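Look at the two complexes coming up: chain A is in both, with chain B in one and chain C in the other.
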Partner chain A sequence: MAVLDATLDTGLIAVPAAEPATSRTRRRAGTLFWIALAWIGLVVVAAAVANLLPIPSPTDIDMLGRRAGPSGEHWLGTDGLGRDEFSRLLFGARISLGVGVLAPIIGLAFGGTLGMLAGYFRGRFETLVAGGVDVVLAFPPLVLAMAVTAYLGQSIPNLILVLGFLGIPAFTRVARAATLSLTPREFVTAARAIGASHARILLRELLPNVALPLMAFFLLGVAVTIVVEGALSFLGLGVPPPAPSWGIMIGEGRESLDVAPMLAFLPAIAMFLTVLAFNLIGDTLRALTDPRPGAL
Partner chain B sequence: MSLLSLEGLTVDLPTPRGNLRAVDGVDLALAAGQTLGIVGESGCGKTMLSRAILQLLPKRARVGGRVMFEGQDISKLRPDALRRLRGPALAVVFQDPMTSLNPVLTIGTQLVETLQAHLAVDGREAVRRGVELLAAVGIPAPEQRMGQYPHQLSGGMRQRVAIAIALSCEPRLLIADEPTTALDVTVQAQILDLLARETRRRHMAMILITHDLGVVAGRTDEVAVMYAGRIVERAPTRALFHGPRMPYTEALLAAIPKLDSAPHTRLPTIEGRPPDPTRRMPGCAFAPRCRYAEGDCVVGKPGLGPVDAGHEFACWHPR
Partner chain C sequence: MAGFLSRRLLGLLPVLLAVSLLTFAIASLLPGDLAYVVLGDQATPENVAALRHDMGLDQPIAWRYLLWLGHVLEGDLGRSFRTGQTVLTAVTERLPVSLQLMVVAEAIGLLIGIPIAILCAVRAGGAFDRFMTGTAFSMLSVPSFLSAILLIYLFAVELHWLPATGYTPFLEDPIDNLRGFLLPAFTLALGEWPVLMRVLRSDMIATLQEDYIAMAKAKGLRPARILWVHALKPSSLTLVTVTGINIGRLIGGAVIVESIFALPGLGRLLINAIYTRDLIILQGVVLLVATGFVLMNFLVDMMYAALDPRIRHGRA
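Here is the complex of A and B:
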C-alpha cells in the first residue's frame, strides 16, 4: 500500500506534459542506409588521405610486373602497365567523386535558381528559360564534351564544367516544376498578404519546399555524373591520362578482359557500389528529412 | 473618415467563355474598429472582393474603381509601398489552414520571421512575442508548439496559428475569408469568438466573409449581402436579421433551418441557380429566381438606395 501511495504522489498526479515535438511516428533509417553511408564515408576518407597512405604511386609504371596478381607489395595486383591497382582505385575515387559531386553542384546552383525564378515569375522569363533548357537538352552531350576538350583542352576543371553545364536543364526542370506547383498554394498568397517581398517568398517560403526534391535529385545527379564521367573517360574524352579515374580504369581494363578481368571489374564494382550507395542515401534522406507525413 | 472605402469597385476576369465580371460596382465603407460581414453564396464574388481589397488578384484580372484605405487609393500604390502596408495595415486569414501555413517550416519560424520582417525586434524579443501571440489565440503550451510543424496541429489549432500570424503586426484591418468553413462545427464558434475578442481588444476593423448567415449574426456590426457580384442589401446586423428588405436576403434567412420547426418540415430553398457571370443582364440579377419579380425587374438594374439608419438595398419591389 505504501508503495502504491508513493507512486501516486509522485508520478500519477503529474499533469501530462504536452506532446513533445517527436511524437510523430519516428521514421527510421534502415540498415541498408547505414551500410551505404559507411561505404561512402570509407570511399571519401580513403580518397582524401590517399597520398598519405603507404601505398605505391598510382602512376609508377613497372613494365616487368604487368598484370601481376595480388601480393604484399601490390594488394590488388597491377594493371596492364604494371601500376598498382589498389592505389589507382583510391586515387581514382578522388577524381570520380570530385567530379561526381562538383558537377552536380554547378547544375544545382544554376539550374535550381533558374528553375525557381522561372516557376515563380512566369511570363517571358519562363518562356526564355524553358526554351534554353530545351536547346541544351537537344544538344548532343558527347559532341559538347568533344568540342570543349578540343578547344579548351582536356582537364578535370573542363570536365566538371561540361558535366555541370549538361546537368543544368534537369535541375531547372525539377526546380521549376516544384515551384509551379507550390506558388499557387495559399501559404504563398498568405505570405504576400502579410507583406513578404519576392525575395523573401522565394528564399523563405519556396526554397525550403523546393529543396527537398532538389536534394534528392542532387544525390541522383552525383550517381549519374560518376557514371557519365566514367563513360567519357572510357571514351578518352574525360580525365586526361595518366591520372586514374574509375572510368579510365574500366576502359584500360577492357583491353585485357580475357587475361585479367579483375582490372575492369574492380573499378566497375567500386563505381557500382558507390552509385548504389548515393541513390540509397538520397532516397532515405528525402524520406527522413521531409517534415510532411507521406509527402512527395 | 472611414478606414476603408470601396468606390465603384469592379473586377473582371477574362475566361475562355468571355469576360467574367466577378465584382460589379461595389461601394462600401468601413470605419476603424468596425466589423462588417459579407454574406453570399459560392461564386457571388465575395472572395474576389476580398482579394481586390488586398490587391492579391490573379495577374489577368482587371480592376476598376477605387480601393481607398486611410485616404489613399491602394490600387495605385507601387509594389514596395503596398508591401509595407500589408501586415501592419492589412492582414488576412484564409479559409483553409491546411494550406495557408508553410508545410516545411515550424510554427515558430513562420511567426518569428513575420514579426522580424515588420517590426524592429531582435530574435529573442520576436520569439517572446510569438509565444505571447500563440497564448493570446488560445494555444496551450505555446513554447512547445513553436517548434512544431503545421501537420502536427489540428485544423482548429492551425487556424489559430494563422490568426496569430495575421495579428502579429497589429493590422488595422483584418480580412477573414471564410475562416471557419474548413473547420469542425464545434471549433467554428471558438474561432469566431477569438476573432471577435481580438478585434475588440485591438480596436481592429474586420471584414468577415462567409456563406453562413449564422456566422455573422451577433458578431458583426453590419452585414452586406452579395449576389452576382453586387451588394444587394447592407444594414446593421440586427436590422438585417429583423427586417430584410431585399427578397434575396429574405430567402436566405428563410433557408436557415429552424430548431423549433416540426420534424420533416421541408427546408425552404431558393429555386434556380445564380446567373452566368459571363453574361451581362440588363435587369436585376436575382429576378429569374425572385418570387416577387415583375416586368420592370428584368428591364433595369435597381440601385443601392438608402431607406433608414444605414439600411440600403437594391430592389424595385422591396418587402
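Here is the complex of A and C:
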C-alpha cells in the first residue's frame, strides 16, 4: 500500500507551477480513459459470467496434463497442477475484483462519514478523529494487514475486512479536507440561514459535493487494494488456496519460471492492466474534480 | 522553533502510546491463544492452564498491557519461544540487511529518476517528456512482486547474469554481497523512480523559468552546466525530502522483496514469524517498525518546518 501513499503524495506535491502541455494531455487522457473503461468493463463481465461459460472448472486437478500448452480444451493451457489456466484467470478476476471493490467500500462508508462529520462539526470530535487517523497511518499498512490476517485466519471475508479497515484513514482525510473547504462557502451559509438542520446540510448540501472527489479516490483505492490483495496472496497470506486469485497464480507461476513463464506472466499482465485502468480512471476523475489549475 | 519542537514532541507521546496499545490489542484480542500455539500437540487443558499462568495470560488484559509496556520501556520486548532469541537481537541482526536494501534501492531510483526528470523538464510537453511521464504513470501501477518476477525471469533465468536468491554478508565478500542486492534493489527502484522523477520534474520546470537561468544563458554558459549546476540544486529541495520519506516507506515493499529474493532482513523476520505463528517476535517487530515509522514521519515534519517557516507558525 506504499503505492497509495505514492499516488497521494505525488498528487499533492507534483502539481507543476506551469504546465505547458495541459490541452494536449487532456485530449490524450480522453482516449486512454475510454480504453481503460472498456478494459474494466470487459474484466467485470468476464468475472460475472465466468461460471456460465463452457470452460473447465478452475480447481479440477489433472496431474497427467500439467503445464500443457494451449489447446481446444484448454485455451491458455494448464498450470502446474493441470488446472485450466484461462478458467483460473476468469475466476481469479472474480476474487481480485471482488476484494478490490468491496474493501474500499468499507473504507468509503466509514471513512467518508467520519471525515464529513469531523470536517463539519470540528471541535473535539475532529481532534479525536484526526488523532485516530494518525495512529492507524503510523503502521506500515502491508505489515498491519499481514499481522491481522495472521491472527484472524485466512479467508476472503477476513481479507476484505482488514483491507477495508486499512482504507478508512485515507478516506477520512479526503472527506474531511473536502468538507473543510466547502463548509465556509455561501451555499452552506445560505442553507443555515433558512434554518436547515445539520443532517440536511450534510446530506443535501455537502454530500453531493464531497461525493465526487471521494469517488475518484475510491477508484484509486480499488487499484491499491487489488495490488495489496495480490501481494498478500502471492506470499500465501491472503486468499486461501485452491481459490484462484491473480496473486496466488503469480506466486505459483514463480515456481516454474524456467519451464513455463507464461503461468506467471498471464495473471501478471491481467493484474497490471486492471490496476493501470483503475489508476487512469481515478486520476482523470481526480484531475477533473480538482479545482487547481493544471492539475491534470 | 524550540517551542514548536517541544509542542510537537509532546504531541508524539499520545500517538506512540496509541501505537503500542493497538499493537498489543492486535496481539491479544484477536482469536488464537498463545498458550495453545506454544504447546502445539501437548495442549492438554492442564498444560494450557499452567502455561497461561506462567505467561501471565490469566491476568486482566489492562494489567497485562501495563506490564508489557513496562517491560518494553525497559528495553525488554520478550523472546521468541521458538528460537529463544530476544526480539531486540533478532531485529538488530536483520536491520542492516533491510537498511542496505532500502538505501541501494533509493540510490538506483535516484540514478534513474534524476536524469530523466532533467531531460523531461528541458522540453516540458515535448515528445520525450510525454512518453516518460506516461511511462512513470504506468510504472506506478506495477506492484513490486510483478517487477520481481519479471527481473528474475530476465536476469536470472534467461541471461544467468545475477543470482535469483541468496545473501552474502558484506564483510565476507563485498562483490557477491552487491550482486545479491542488485535485483531486489532494482525491483524496489522500479517503483521509486517515477515518484522521484515526477517531483523533481515539476520543481525543475518552475526553476527553469527563473530570471537567473535566463541570466546564465545570456552569459553563454553551456546548457549542461546550467542544468546540472545552476538549476538542479535549487530544484532538489522537495526531492531530498521525498527521498528521505520514501526510504522509510520502502519497508512495506521490502517485506515482499526480501521474501522473494530470500534476503534475511526485517521483512523475512516478520513473514517467518507469521508463518510459524511466533507471536512474540511478530508483536515486537510490528511495534518497532511502527515506532520507527512514527519517529521518521516526525523527523520529516521537522525538516519541513525548518525549511518552511509558515508551517512553524501554523499558517500553511
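Basically, the second predicted complex is superposed on the first by the 243 of 296 C-alpha atoms of A that agree within 3 Å, B and C clash if a C-alpha of one lies under 4 Å from a C-alpha of the other, contacts with A are read in each partner's own complex, and residues count from 1 in each chain.
Please note the rule applied: a residue touches a chain if its C-beta (ideal position, glycine included) is under 8 Å from a C-beta of that chain, and two chains touch if they have at least 3 such contacts.
From a predicted model like this one, the values you see are computed outputs, not experimental measurements.
In the superposition on chain A, contact is made by A:196 with chain B only, not with chain C. Of the two partner chains placed by the overlay, only chain C lies in contact with A:230; chain B stays clear of it.
In the superposition on chain A, the chain among chain B and chain C reaching more residues of chain A is C.
Once the two complexes are overlaid on the shared chain, A:110 sits clear of chain B and of chain C alike. When the two structures are aligned on the shared chain, A:186 is found in touch with chain B, with no touch to chain C. In the superposition on chain A, contact of A:146 is made with chain C only, not with chain B.
Residue contacts after overlaying the shared chain place A:121 against neither chain B nor chain C.
With both structures placed on the common chain, the touch criterion links A:209 to chain B but leaves chain C unconnected.
Residues 18-21, 24 of chain A contact both chain B in one complex and chain C in the other.
The touching residues of chain B, counted against chain A in their complex, run 54, 56, 80, 83-88, 90-92, 94-96, 99-105, 113-114, 117-118, 140-141, 144-145, 147-149, 151-152, 162, 165-166, 168-169.
Every residue of chain C that touches chain A in the complex is listed here, in rising order: 14-15, 18-19, 22, 26-27, 30-32, 124-125, 129-130, 137-138, 140-146, 149-150, 152-153, 157, 191, 194-195, 198-199, 201-202, 205-206, 209, 238, 242, 245, 249-253, 255-256, 259-260, 270-271, 274, 277, 282, 286, 289-290, 293-294, 297. On chain A, the positions that touch chain C within their shared complex are 1-3, 5-7, 9-10, 13-21, 24-25, 28, 131-132, 134-136, 138-144, 146-148, 150-153, 223, 227, 230-231, 234-235, 237, 247, 250-251, 253-254, 257-258, 261, 264-265, 268, 271-272, 275-276, 279-280, 283. Those residues of chain A that touch chain B in the complex are listed here as 18-21, 23-24, 185-187, 189-197, 200, 204-205, 208-209, 212, 290-293, 295.
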